[in-house]
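Labels for the chains are A, B, C and D, by order of writing; each one numbers its residues from 1.
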Amino acid sequence: MTEVLRDTSGVLTGQDAAPVLASQPMRVTGGLVDRSRSVRFTFDGKSYTGHPGDTLASALLASGVKLMGRSFKYHRPRGVLSAGSEEPNALVELRSGARREPNTRATVAELYDGLEASSQNHWPTLAFDAMAVNDWLSPFFTAGFYYKTFMWPAAFWEKLYEPIIRRAAGLGTLSREPDPDAYDKGFLHCDVLVIGAGPAGLMAALTAARAGARVILADEDFALGGRLIAETHEVGGQSGAGWATSAVAELAGMPNVRVMPRTTIMGVFDHGVYSAVERVSDHFAAPLAGKPRQVLWRVYAKRAILAAGALERPIAFADNDRPGVMMAGAVRAYLNRWGVAAGKRVALFVNNDDGMRTARDLMARGVEVVAVVDPRRDIRRQAGLPHMLGVVTGTTGRLGLTGINVRRIDGREEHVVCDALAVSGGWNPTVALTAHQSARPVWDEKISAFLASPNAPAGLIPVGAAAGAFSTHGALASGAAKAAEAVEALGFRAPAADLPQAEDAPVRIAPFWHVPGKGRAWVDFQNDVTVKDVKLAHQENFRSVEHLKRYTTLGMATDQGKTSNVLGLAVMAELTGQSIPETGTTMFRPPYTPVAMGVLAGRSRGEEFKPTRLTPSHKWAEERGAVFVEVGMWLRAQWFPRPGETTWRESVDREVLATRKAVGVCDVTTLGKIDIQGTDAGLFLDRVYANTFSTLPVGKVRYGLMLREDGIVMDDGTTARMGEHEYVMTTTTANAVPVFRHLEFCRQCLWPDLDVQLISTTEAWAQFSVAGPNARALLSRIVDQDISDAAFPYMACGNVTVCGGLRARLFRISFSGEMAYEIAVPTRYGDALVRELMAQGQDLGVTPYGTEALGVLRVEKGHVAGNELNGQTTALNMGLGKMVSKKKDSIGMVLSQREELVREDGLRLVGIKPVDPAAQLKAGSHFIALGKDPVAANDDGWITSLVHSPHLRHQIALGYLKNGAARMGERLRAVNLLAKTEVEVEIVSPHFIDPQGERLRG
Amino acid sequence: MAEHRLTPLAPLGHAEPIEERIGPVLIAERTDVAMASVATRRGWETELAARAAQAGLPLPPPGQAAENAPWGSFWLGPEMWMVEAPYATHEDVAAQVKPALGEAASVTEQTDAWVRFEVAGPLKPLFERLCNIDLDRFAPGSATRTLMEHLGVYVIRRAEDRMTVLGPRSSAGSLHHAITVAARSAF
Amino acid sequence: MLIPHPLLGPRDAQEFTYLGDAALIDRPDGLTEPEKFHDYAYLRDNPAGVHKELWFHEQGDRSWLVVTRNTVTHEILGAVLARDTARGRGRSK
Amino acid sequence: MKFSGWRVFREALTGHRGWTANWRDPDPKPAYDIIVVGGGGHGLATAFYLAKEFEQASVAVLEKGWIGGGNAGRNTTIIRSNYLLDGNEPFYEFSMKLWEGLEQDLNYNAMVSQRGILNLFHTDAQRDAYTRRGNAMLLHGADAELLDRDQVRTMYPFLNFDHARFPIKGGLLQRRGGTARHDAVAWGYARGADMRGVDIIQNCGVTGFRIENGKVLGVETTRGYIGAKKVGVAVAGNSSRVMAAAGMRLPIESHVLQAFVSEGLKPVIDGVMTFGAGHFYVSQSDKGGLVFGGDIDGYNSYAQRGNLPVIEDVAEGGMALMPMIGRARLLRTWGGVMDMSMDGSPFIDRTGVEGLYFNGGWCYGGFKATPASGYCFAHLLATDRPHATATAYRLDRFKRGAMIDEKGQGAQPNLH
């Protein structure tokens, strides 16, 4: 906060008049910069100095630098136009290396010691840019010229023309390196959000805060006060800046107020959600350790006061884009806030009284004003001002302004020598945020500008200049009044506001948009859109505002037309002979000013892009040197390499063989587990599963098939009946969340009176599959109860204790085809249990296996998994059609019976093996009959899952094949056109081992 | 405590839960609380209230947490609560709660489904960077489920300067990382 | 967006998962009226204006809500527990 | 007037006085043979092909606002034919072939640019699915290549290969995919149709249909009644709204999809890229802006704007994939209203009303389909027979169980 509280006494008196430094020839007296300290910086490699409180633009101007950039299309020399975030011209690359930030507006870049900036979009140098040849070719490069050419010969567009155009694209350059800075996000809640800390915003914040409301005051600038620190008006008998300082001080001292400088409200979203970007570290060379560069705040506000002020608009006349041509308000800002003179001989071209302030302020600082050109016939002349009734018809000077051509009302033409021209075409209230929800601004004749639509978002209230109240008094008054209304609507009592004395000049403006004549008059400075382009758009019937924008690129540059849109619209209105409102209106969309992508992402990047879920045996598996794989959010052990194993196949084959020969252990905690209780639990399951569960005896497990309402298979898994009214459902790892959501939908929305309660227990239990001929032998050393085949047969389940009394759950189920169990203990003991299983199983040949072996085992057994359950297949496709009971109503039963889904010749799950055992298949290969062409018409299906079966010593696969059930033994080609390979395969039963299932029951 | 030969592992993967002080806040992993969910059986609403009251189990209204030693509890959803008790005395808390409620409720063990962090210190600068709750309107005794860095968590405000955060146990590391990074950013 | 949860007050829509038209509550009976399933599963009024729709408080209390929202302005006119709506439409067991 | 480099040159020397309106603004005639409702890309393309390929002399396009102002002017300009299913791939490949000849067809440079589209994959299962898809594309005569991690790295070295939560394992590349200048597509079709006598009538909203004995006679509009022998509706996000006026309920929901563009930057990304572990896809325009997007907001909406969570989600995807993007600035966001269908695939079909035809359900994939959609709709309107590549796009396919569900998400539009 210290910098916004900087003492500003003497802004008017200029008592701190410092000797003009040779290095800062344009620095004059006064301003809010701290002249006691110097700040060193470089621009295009050359060193300069400025002061704390400077922006890059003010410091460069102080140093006499006018040329700061090049325009996009014609590469015209460009200097500063504005003193704020609306700047279209002075864009630089800030910082270097991985921190390089292209297209940074010098007008808002806060100066810090060691700042590095370089100009953009030129070759070889800023002062001599070969690409400026485009300016000479401009007669050809009119709006949309590229739509009319580059068509012949056809091939040349991509090979020749476009590459040239692309090379010219863009302004600044990305570093191509990862952004090294951190970003953060957060949430703020308040009664009143005040957007902008000018006179209206400060008064609104004071009013709301004094009433006791929770207030957030945000301003994009690093120094608060808005125009108060750029003008010389007095407020309440002191300098405007002085009043602002004390207002900010009062607010900063209140517990119910949060003052946020360097914070831009970038968007207005539904129901009072505002997004704010706080630039925490951009005024340092680099963020402090552990601190973010910027923070994205989502602000939840009951009301928002829009005190964003107004933006001055240019006038279009020939060559109005030269460095040295600036907005009048900006000239005053540089003079009054930063103590910088825009030039030594300054001219003005204005259509309103506001412009005359500029002349007075300049002369007060001893800057020579050579002409005040004004097209209005009824101006109130002021003594001592070099008034010229007329218009500016052109300018001179290549890299910087050297003079202007003036045509007086009586027709006399003359050239006036000057090095700066201050232009004012009037002010546009900053209503951008009010249009973020598609409420189009409405034209107001009195001020010749757009105001917020009555349909603007509820609770977003424009005040001050943003509401067309341009005088300081008007701003203070409307800020106080609207804030009082707002807080009283929220139930607070607002004390009567004591408004400080301030000027209340009326708006005297005669709309004046452009000076007709030869030469190019710029409307959009960055994109090089001139009055001629607007005329051409009109001529070619691109007359709707949206067509105009898209055809000419008007308002599509980094400034989003803040200074150009209304002017372009006005010129189009002149051409169509319609009024401005008839011609159209300007729209605004988020963000208000461009926002770094990094801050929108916050901390979700790199390895923290999404959370990581670890299994209970993760630590143990790490110690065993397991290779891990991402399965959804989970990290699972993929295989466990042993010393000497050189390929993953070796490890996986060993794990598979050991499991089939002895016993394997695999962490299956990731499977979803849902606890289902209640007297109607069985009935509920009958409705959500295609098969029946109410008949399942207590202590038994059954495989269940769950359909979507459209009859396609949603998920599968086993469900165990642990008690009369208690079931435990398992889901696939991938579908745990959607299945739970679906079950709650059925429970709450379809059958709200069923007595059934659901809760996920996925993470409460660490569950391991223990599979293989020695599984029982191993588990009997762990489980305290009798688990003989008689006591605990195939598909049994129950509560047991392990290792001398720890409660556990045992399920005798198998995914591998072996005699297998799944044993579950409270998660905190998962690590200990797997170590115990390994220790106890030594002599039984126990082997841990990962997801790869799991996949091999299930394919050998012909079980479907993710690749088969792809959301496109039915129970019938999987060969499980009989499981869909027609005797009861269940989700998906009806629609699963539609004609196209029950075709005899439809897809069926089949097993595949290569005719040549040595052949290598690829999952995703398609089936083509022998002798037929590999074209879509002959496409019979595809391979879903492929593994190498160490058991059979060749590859085996599952796949879907048209009419597959009837084609056992048939030979086909598995074609992989991507690799230009094909393998002859034989269609077999998907059950490659133990089709009768003796092993399961063994 | 049941007698057996297995030794537990804390959610962050260490034998003992870990603590970390960052600036003014202390972020402590805790494993000494057992939990079970209690859901009303359809039609047993009044009966459950009575039995819970008799057993001294508080069943607070939506958005609230309550305590009545040794029990604590907070609201999960319509007709559903999470009951807490000291792990030392209530390791198998579901089995200890069920008899008291009988047919009136479905009771499910939840203890190890969650990682528990107790955060002590100035809460606002930290939690405004973590989740979307208005702390000025989240007085002690408030409990809610919300999102924290893509994770569904429960936050329970125990006191002006103490918050419990319950997150999915499998994501303990990610949640801990989120909280500590936010703390470093805030303080 | 903020969803006015009937039990918890305004909650950020990010905590919710959207399903669609609340007419999905009116599931026909598979045994007695199978012919109604196509329209139930596939056809939507999709109004430009007031829309009753199903939101699941996935990162909250796991309630399914029926939210009345204007699809043109996004203004929300109310929200109730879907369970109550379902009962109101005669759904029970 | 014929456009050419020579013409541009001559006009430059003569002050561009010779350029004329790209399309007229005629008043509506009392009646037309065929009325196309909707002056977006699909409607204008339909009119163009009706006039050019099917010699229809009496055609009007009715647009409630300004042409190309809907999704035609709001999309991320991607063209591709990398579909999996038989119902889709032939159609999108036909569209790709039309794109490839578009400039010459229209005598308008819509900047069709085949710089390639790369779908990244991050798991073995994704690789298998893309292998299946790539092969399906090749079986249908399209082009496809499967790249491994190193090949992707050579193409885009700045992607996050080393510190990723979901490491890149490879990608499915279609070199013929790319982008086209979206506005120019609408304007080119409009100019081409206008030159062939089609009346393009802007600011003319259709408020109802005049239907007698199950046959359409014409449309009521904000500019009065206009008779028609046939009416084709191609209004994307407004499909349900408009067809309701003909008494139809559709298997469609309207959802908002946001799109984004960064400040202009010197070229870094040549082609189009999609992230396989999050919602993010990106390309770079000829003006230098990174054009990107992600998932739909997910709730029914007719507002052409979205909310913050999706903006953040997309930015997270961007940072996860290419962490250099952190210092690029988001310049502008906007939203379009998508006609999300129940299986993620479109409809080009007759309706229960004789003479009334429907084109819609394009979800967020309508732009790439523009030429084929126009051609096939014109074919149906002119001949009453579906075009060979669009036979699957029937409104009754859900009754038969003939869904075209590329993503396997079922009857929930916001998941497609």
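Descriptive notes on the structure:
Convention: a contact is a pair of C-beta atoms (placed from the backbone, for glycine too) under 8 Å apart; a residue touches a chain by one contact, two chains touch by 3 or more.
Just so you know, these numbers come straight off a predicted model, no measurement behind them.
Counting C-beta pairs in contact, the pair that comes out ahead of the other among C-D and B-C is C-D. Centre-to-centre, using mean CA coordinates, chain A is 33 Å away from chain B. Computed centre separation for the pair chain B/chain C is 30 angstrom, with centres defined by C-alpha atoms. The distance from the centre of chain A to the centre of chain D, with each centre set as the mean of the Cα atoms, comes to 23 Å. Touching of two or more other chains is recorded for residues 80, 132 of chain B. Of all residues in chain C, those touching 2 or more other chains are 1, 12, 14, 19, 38, 41, 58, 62-63, 74, 81, 83, listed in ascending order.
Counting partner chains per residue, chain D shows two or more touched chains at residues 303, 307, 399, 411.
Under the stated contact rule, the graph of chain-to-chain touches falls outside the line, ring, star and complete shapes. Within the complex formed with chain C, the residues of chain A that make contact are 269-273, 300, 437, 680, 683, 709-710, 737, 741, 744-745, 748-754, 888-890, 893-895.
On the chain C side of its complex with chain B, the touching residues are 7-9, 12, 14-15, 58-63, 81, 83. Here chain C touches chain A in the complex through residues 1-2, 10, 12, 17, 19, 24-25, 27, 29-31, 34, 37-38, 41, 54, 56, 58, 62-64, 74, 76, 81-83, 85-87, 91-93, going by the rule given at the top.
Chain D makes touch with chain C in their complex at residues 238, 240-241, 244, 249-254, 298-303, 307, 309, 342, 398-399, 411-414. Residues of chain A touching chain D in their complex: 72, 99-103, 139-140, 142, 145-152, 154, 157-158, 162, 165-167, 169-179, 181, 183, 185, 267, 269-270, 273, 275, 296, 298, 436-438, 532, 536, 539-542, 544, 546-547, 550-551, 553, 557-558, 560, 589-591, 594-598, 600-602, 604-610, 612, 629-630, 708-712, 714, 866-867, 870-872, 895, 898-902, 922-926, 934-936, 939, 942-946, 975-979.
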